[in-house]
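Take a look at this one; I'll ask things after.
In order of appearance the chains are A, B, C and D, and numbering begins at 1 in each one.
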Amino acid sequence: MGVKGAGVDLTTDLGFLKLRNPVLTASGTFGYGLEFEPYLDLSRLGGIVVKGLYYGPREGNPPPRLVETASGLINAIGLQGVGVEAFAAKVLPQLHRIDTAVIVNVCGADDDEYAAVVEFLDRHEGIAAYELNISCPNVKKDGACPALRPQTTYDLVKRIKAASRRPVITKLSPNVTSIVEIAQAAEEAGTDALALINTLLAMAVDLETRRPKLANVYGGLSGPAIKPVALRMVHQVASRVRVPVIGLGGIMSGADALEFLVAGAAAVEVGTASFVDPDAAARVVDEIARWCEARGVAAVRDVVGTIEIP
Amino acid sequence: MGVKGAGVDLTTDLGFLKLRNPVLTASGTFGYGLEFEPYLDLSRLGGIVVKGLYYGPREGNPPPRLVETASGLINAIGLQGVGVEAFAAKVLPQLHRIDTAVIVNVCGADDDEYAAVVEFLDRHEGIAAYELNISCPNVKKDGACPALRPQTTYDLVKRIKAASRRPVITKLSPNVTSIVEIAQAAEEAGTDALALINTLLAMAVDLETRRPKLANVYGGLSGPAIKPVALRMVHQVASRVRVPVIGLGGIMSGADALEFLVAGAAAVEVGTASFVDPDAAARVVDEIARWCEARGVAAVRDVVGTIEIP
Amino acid sequence: MTIERDARLREVQSWGDFFRFAIEAPAAGREARPGQFVMIKVSEGTSPLLRRPLGVHAADPDGLDLFFKVAGKGTGILSRKKPGDRIDLIGPLGRGFTVSATAKGRTAFLVGGGRGIAPLYFLALELVKTGARPVVLYGGRSLSEIPLRERFERTGLEPRCSTDDGSFGFAGPVTELAALELDRERPAMIYACGPDPMMKALAAIAAKRGVPTELSLESVMGCGVGACWGCVHRIRDEKGDGWVKICEEGPVFPGERVSWA
Amino acid sequence: MTIERDARLREVQSWGDFFRFAIEAPAAGREARPGQFVMIKVSEGTSPLLRRPLGVHAADPDGLDLFFKVAGKGTGILSRKKPGDRIDLIGPLGRGFTVSATAKGRTAFLVGGGRGIAPLYFLALELVKTGARPVVLYGGRSLSEIPLRERFERTGLEPRCSTDDGSFGFAGPVTELAALELDRERPAMIYACGPDPMMKALAAIAAKRGVPTELSLESVMGCGVGACWGCVHRIRDEKGDGWVKICEEGPVFPGERVSWA
């Protein structure tokens, strides 16, 4: 084996989907994937979760849309996007030539729109699964979204599972009292997997102008600052559901990713890190492989959920 | 006026309590106050919130109790403390000679213990108010505490208000779906003020040993990392309750403190910052005064809640 | 565009809060065009977390120059780097100025406000190469805020300067100076970079006289590579207004396409 | 104890991962006693957020020395500081070794493992001043891990060394070396600093022979001033076991008071 770590088996089986390795890119932090071709070989990734899609094209929020905080980033993009038609016509065909799993992050103003998105996309090929974004804090007042209540989570997931011919990954919000309750509601409704966490509802104030730094007032906090909350939630959920959990939140390195795997995640997503280093996700893959090799771990799956609680 | 900023009126009126300035020290981050006498003049602070007190002495959790994260700190001290009798006998008398408001952070394993603590302390002088810690994530499983539900919050606050002859500040947990619901429940139950936020339930994993880095598994995340979440919650609550809100979470500087005041906090607490710089709270007072003077702000209260939402 | 994880800082020149860095980065240097920018990681740690965008101030096959003003934390950390230190940059990025828009022999106005002068030096040199005649209008708050004067003069370009406080050159905003110059002479093109209010005023002045402009816009940037959608500005096209990513379609836009709030 | 926000780094000496810093900090230097420590802010930013505890390695009226091994992020940043750089420290903190516990003319064993040797150099010098006879036992993984040998020798102290790999001196853990030395000679006191397993073993060895010990304990420290209750170790007193803050009552404790998990 030439490359260090090349001998390690990184394949990851989510049951409904086999991945080359457990590293996906997080929705909204990797564009439609193609933006990153100059920086890394996309076929080295486990998969790509594309930017959140509503049915129609969306304007998004006015700027400022981003503000940096201590080891974090608050965003209020407002899911600006091209809509399903343009996506299917312009983006999907180009993604076909890339040998990696393409997962579409599905959004909606209401349950009908979510359903319309998957029904439309079901008619197109080249999509491995849907990631149901029921947790975007940047579109409604006070960050309202279906993922804040077990019932709304259950209803939406049930509806989408019925509407869709593809596996559904439900992406949860950390802005809840009991992430386990929400996770279990999604599981009961038949989700094939869970992804957590989305961003923490947050705010920044410009002291000189005495205004919010974001035009949208509130936004979603991501990056290393939130990793300890994400790890806790992944650990809480993984031990209490049967479906695979995809962990994310502040992953910047292979070591970060491995911590999520140890805590019980079957796979991970790399988000904000891709802004700092466009090739971060590929580096995470390499670092995971090297770590496994150095420790004599033959297959990365052997690490999943191995945390010992003394 | 000699000192820069000395001309600015920093006095803060919480209604039930007048403070020299809006800067308090956060419970558990300033010991019993006396530990800091070598580093700053305690009488320059608006007040001191002492370490959480249970009725009896407590062992606390085994070490490791602390782990650093990106711009943050996770702690699982488990409220080790001397108990009310030793506090009243040894600590309180020494605090008498210091000319600053002393606020006692009250804890309990159940509502009865909370009540017992205030009933005991009510018989002693030199306490300006109680801060009801209904939100410590480090004592029960999965961070369970009364502040996670409106009803348990309401019941406990009601009980303590009836039991106590002193004003009660209710300290809220950020680990909830709707901080506003909890805040309103505490207000209905008659709390005199609200303090937010306590720590975010978090976890860190030691990749090499594949164990949690904290003996307690989960702990509470504090420091600059959580400031954006704290500001958001203070802003959400301040505009929806009539009682004064005390803001905290990641305040390291006068500018940070002023952001909380602008967002609607009547006063602030300095927490983790005191670990990094034992004189941080006094520095925050100075920086607030200097900022006000430079901007021609005559009284700091004129800044409170002045945020403009465009 | 490339990721250069260990480009080297070769030379540092400074004037108060302003710094010029000469950086050894051959690949980026060869590729860079005027108006393009690079994204720099100023710290190894996680705060500041994001890279900072800086325009290419000059470029040659060995590398490129940056010219920046300390605006806060990130540029502050950057300014403390010493020759020999590692520089982690991505670039060149974005679409720059259309050098060819000014024909051989024709005049172009290059209007720079404060740190906005950075990319215009590179542009001026390229225009000279094509045989066009760049006229540099350089404005700042005061004399200390227009430190690149000598650098332009050394290349034979005589920048016409303005200062808000009148401490040097024309007393007033550089946009007023531009208006006066436009009454004397009608350039083929106006290229500009500076704070939004200046750009907005200049666009209006140029439009009134029917002179085409290219404006380099600024925004907070999360990624610089078109992935975060954080850097949008209101831009017109056939289909009307929309939020356009300036890191990707810009940072340089034809003045008539830019809508101002 | 004082906060010295701008103490100056005067001199740096290094051996691989080990560093000795001579710092100009008069107030702290005058006050420091062997076994006390200082809390150092290694970065201006928020990561790492907390100060790092380092023992006082030597002290005089001009300031103090530190001796540390790069263990991670914080000590890594610290190790890159250069003479003339600012050092932000609080100290001296905690309760050190009881120098007077070894009477004039009596022998004391000073047992240091790895970086744990740091405070014992200071202690040895103080013991010599009081007319006691310090015998230094210095252990490390290999020759490269016991760099302070020469420094001790220059002061006339001949440290007896051990290395786990036998690359220098006694081959084996320093605790075994201590056991052998104890069979030859019975000191008035054993002072020790090193990793927990070494301290635990040493405490047992000394107890068996009835020799009193003082052990300097380590723990992650949030504040160093007794405020966070994060640095506790299991310590015995009249009332039995309890979690005791080592930054306040320690870091040095009589061996018989320390309970080991």
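Methods note: a contact is a pair of C-beta atoms (placed from the backbone, for glycine too) under 8 Å apart; a residue touches a chain by one contact, two chains touch by 3 or more.
Everything quoted here is computed from the prediction, not taken from an experiment.
With chains reduced to the mean position of their C-alpha atoms, the one farthest from chain C is D.
Once the centre of each chain is set as its mean CA position, chain A and chain D turn out to be 47 Å apart.
For the pair chain C and chain D, the distance between C-alpha centroids works out to 55 Å. Chain A and chain B have Cα centroids lying 34 Å from one another.
Multi-chain contact residues of chain B, defined as those touching 2 or more other chains: 70-72, 223-225. Looking at chain C, residues 46-47 sit in touch with two or more other chains. Taken as a contact graph, with one node per protein chain and an edge wherever two chains touch, the assembly is complete, since every chain touches every other chain.
Against chain A, in their complex, chain D makes its touches with residues 46-47.
Only residues 69-72, 74, 142, 148-149, 175-177, 180, 200-205, 207, 209-212, 215, 217-218, 221, 223-229, 231-232, 235-236, 250, 255, 258-259, 262-263, 291, 306-310 of chain A touch chain B when the two sit together in their complex. Partner chain A is touched in their complex by these residues of chain C: 1, 3, 41, 46-51, 90, 219-223, 225-233, 242-243, 248.
Residues of chain A that touch chain C in their complex: 28-31, 35-36, 38-39, 51, 59-60, 62-68, 70-73, 75, 77, 80, 223-225, 252, 272, 274-279. In the complex of the two chains, the chain B residues touching chain C come out as 70-71, 224.
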